[in-house]
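Can you read through this structure? Questions will come right after.
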Amino acid sequence: MDTKIEIKDLSKNFGKKQALKHVNLEVNQGMFGLLGPNGAGKTTLMKVITTLSKKSSGEVKLCGIPVEQCKKVRQIIGYLPQDFSMYGNMGAYEALDYLAVLSGMNKKERVIKVPEMLEKVNLGEQHKTKVKAMSGGMRRRLGIAQAIIHNPKIIVVDEPTAGLDPEERVRFRNLLCEIAKDRIVILSTHIVGDIEATCENIAVLNQGEILFRGKVSQLLEAVKGKVYTIEVSTLELPNIQEKFLVTGILTNGSTANIKIIAEELPIQDAKPANPDVEDAYMYLMNHASANPNRQ
Amino acid sequence: MFQTLFLKESKQIVRSIVYYIYVVVFVMFLSSQLGSELTERMEKPEPGQESYGTINSKDESAIMEKYLGELVLETNHNSYATYPMGFIKRVTLNNTELDKIKSIVEVCTGKSWEKIIEDIENHFQKYNQSTMEGAIQAQVEFSIFPKESLSYKEFCNNMEQVCKIIGAGSSYNKEKLNLGVGVPMTYEQAVEEFEAVCKKDRITGTTARLFCDYAGIILSILPIFLGVTRCLRDKRAQVSQVVYAHRASAFQILGSRYLANVCMAFLPVVITAFVMQLPYQYHAKTIGVSPDILAFLKYTCIWLLPEIMIVLAVSFFITELTENVLAIFIQVFWAIISLFGSMSLKGNFGFGLIARWNALGDTNEFWKQKQEFFINRGFYFALSLVVFLLAIVIYEKKRKEGETIYGKIFKHRK
Amino acid sequence: MGRYLNIGSSFIRRHYIPHLLLTFLFCCISGFFASFRNLDASQAAKVMEMYVAFTGIFLFTPLFMPEQNKEIWLLEKSKGMDLWKLYLIRILQAIVLLAIVITIFIQVMKQGNSQFSFEKLWLGSFSEIFFLGSIGFFVSGITNQVVLGYMISVIYFISNIGVSKYLGHFALFQMMKGSYDFVVPMSIAALILIVGGIALREKINQ
């Protein structure tokens, strides 16, 4: 059985609103980033994959199993929802143990796995801390522990780093990369930095459509030679922002160092710069809104 | 997996404040109703006693006397108890209607209304009206003789007229009349009753019935809160999504929750019943009867367990469907209708949620109605399983589609 | 003033509507269960005490509904307006609604040629129903669990059917027996429960 997710012509409607429009996607082993603005349909896609939402049409297969076979699919997936939480009066150990039971693990496995997972997500010492007393970061770590404890082939994490401090965010990313060694981890986020640091393969989703799928390097390729930096007076800023796609502003007294994406040299003094994923993403989104029919 | 989940759920229930309130209220309610020992009614009757209690009789003249008495008293106060929707409703009549009833009474008794009023006054003077007991006794023992020529059939026809005037659900309808009335027991009947208590109930059976009678009232309400709290807990703690995504089936998840709630709700009931039975076990031995030691278990299992099951199943179903506290309103309403609406405090089980037998003894009568009782409890047992399965269907549907039909209608209003 | 009105109407629209509908429905079906014609003082009191009393539970218990979600609660705490003012607005709304419900019921009974003192029954009913509601309000306030509020107030009502003798002036169903001595102590207790509910709530749930 291949560790692979195949999505063919997937659509999902909520009443008249089309949340996913004919999505085609193939995800292989390793970290996979799903990028898109809020409301792009990321969470809907995640929910369809994790059997929590019924697709309207199309085909979704996880490791060869059609998503309609809920029971089988649930055995091979781990899911960390956007707002993960547990019963407030349970301690970390208890909560993880409870969810492990729901995954069908027997006592022998749990006795070994639960402390091991808590250790792995750095909650070993706080295994008695009640969920209601946990910080956002601790809760998220508990969430990832429950998503991987039954050793699933596919792990789906929805906006995992939102609300974490920078240190926690880095730790969390590293943890995900480590987990992704021998399985699929789908990471959905609107924070470009998360993707840049962890994923090789990505897809960009906007308004229910896939705008881009491929490697990060391919995405960067698209903006190569189109990114410029320039120092301008802060007074000119509004004017420039109206004319060009500005992806970065660093003000310094009365002047500002700005980053612009443009098809050709925008202003005389502008210097070419190295693009990063954020630039590429902004360029892509800008393009999409300019050409709404583009696939 | 089911077993582990069941144990974990039970542990969660024990730690919840709702459960503590459940236990405390249950025990307090029962001890306030059954606190004092009631052994004096379980002594062997001696000949020449002043009274031996009452027994249900279907003797036609007894029925006519009793109901004419009741009709006269109600007419005198111009306040008639009716049960149109199972809930008591007092009806007051205008003067023309009242006159019609008075003339019916006159026809049935062959006495003028003025004479009847006189009879009432004479009767009530004999009792000490300042005490609750005296007043009630005066009411209960009041009866009026019909005129000799009145046949039971004529009486029934007259009562039908009365029903038409008073309105739906009055006390004088055929079904109510056919239930019979309480009449004083003779010494022979009292001995027969006592022997039934000793042989059929072996003392503890009859006290277990009284226990179940009171416990049934409070158990029509208390478990609602356990059920609603459990089902809303997932929403409150925002864990539904996480739980949905796991391998466990809806039956395992909901089934373990339901079973844990049923067991934990039943546990204090059995324990209280056991403790409250102890003095009667002792009493049985002192009068030379070998008590039925397992009576508390038999009665609670058959009488109260189906009630707990149906109340919890309905609260699970409604709460999974609506994800709000609506179940509380609907079910409290149901319980109160069932409580006030039961035609009698003893038997006539029908399909009422609360089965009542507010009496020590009356063993032979209970044995006669046993079949009806079993049908009633069996019905609720089966119904609770059906409703619970429906709750599972709803849960599974929510899990697959992300929302319910109810949610679609109400949550997207804004 | 406009600000307060705004807050009040927003609460009604977002959270209170289902409870108001329920109360309305409950009042509408009362005709099936109670008679409103030709009643004497004790019978009229019975309608108020045994039936209308539930509207107190419906109206006062869910007033903390929005804050069951801790995040909303914290957000509201961070705003300029003191929370107690917010709660007070809701309580005033509930009180006004309760007064309307009581007035309608009593008026209907009066029109049905019932004999009783309007003012006495109104005051008695109001203090009793308000008291029952304030129990639900208090419990749901300090525990931040609306279900518990319903539970305790319903249990209080039911236990009064059996064991009211231990409760002194705080026993329900006293008007039915012709006694109106409870009005003052019960009103004071209701006010204490309301104020205590608001004050303790913030202290306990920090």
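Going in written order, the chains are labelled A, B and C, and every chain counts its residues from 1.
Note that in this section a contact is a pair of C-beta atoms (placed from the backbone, for glycine too) under 8 Å apart; a residue touches a chain by one contact, two chains touch by 3 or more.
Predicted, not measured: the structure shown is a model, and the values here were computed from it.
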| item | value |
| --- | --- |
| Required minimum of steps from chain A to chain C, each step between chains that touch | 2 |
| Central chain of the complex, centres being mean CA coordinates | C |
| Farthest chain (mean CA position) relative to chain B | A |
| Chain A and chain C: spacing of chain centres that average the CA atoms, whole Å | 49 |
| Gap in Å, rounded to a whole number, between the CA centres of chain B and chain A | 58 |
| For chain B paired with chain C, centre-to-centre distance based on mean C-alpha positions, whole Å | 28 |
| Where chain C touches two or more other chains, by residue | none |
| Sequence positions of chain A contacting 2 or more other chains | none |
| Residues of chain B defined as touching chain A within the complex | 1, 4-5, 8, 12, 15, 233, 237-239, 241-249, 253, 399-402 |
| Complex contacts: residues of chain A adjacent to chain B | 47, 50-54, 70-71, 74-75, 77-79, 81, 83-89, 97-99, 101-104, 107, 131, 143, 146, 150 |
| List of chain B residues in touch with chain C within their complex | 17-18, 21, 25, 29, 32-33, 78-79, 84-85, 87, 89-94, 217-218, 221-222, 225, 228-229, 232, 236, 324-325, 328-329, 332, 414 |
| Contacting residues of chain C [partner chain B, same complex] | 14, 18, 22, 32-35, 37-39, 43, 46, 58, 68, 143, 145-148, 150-152, 154-155, 158-159, 162-163 |
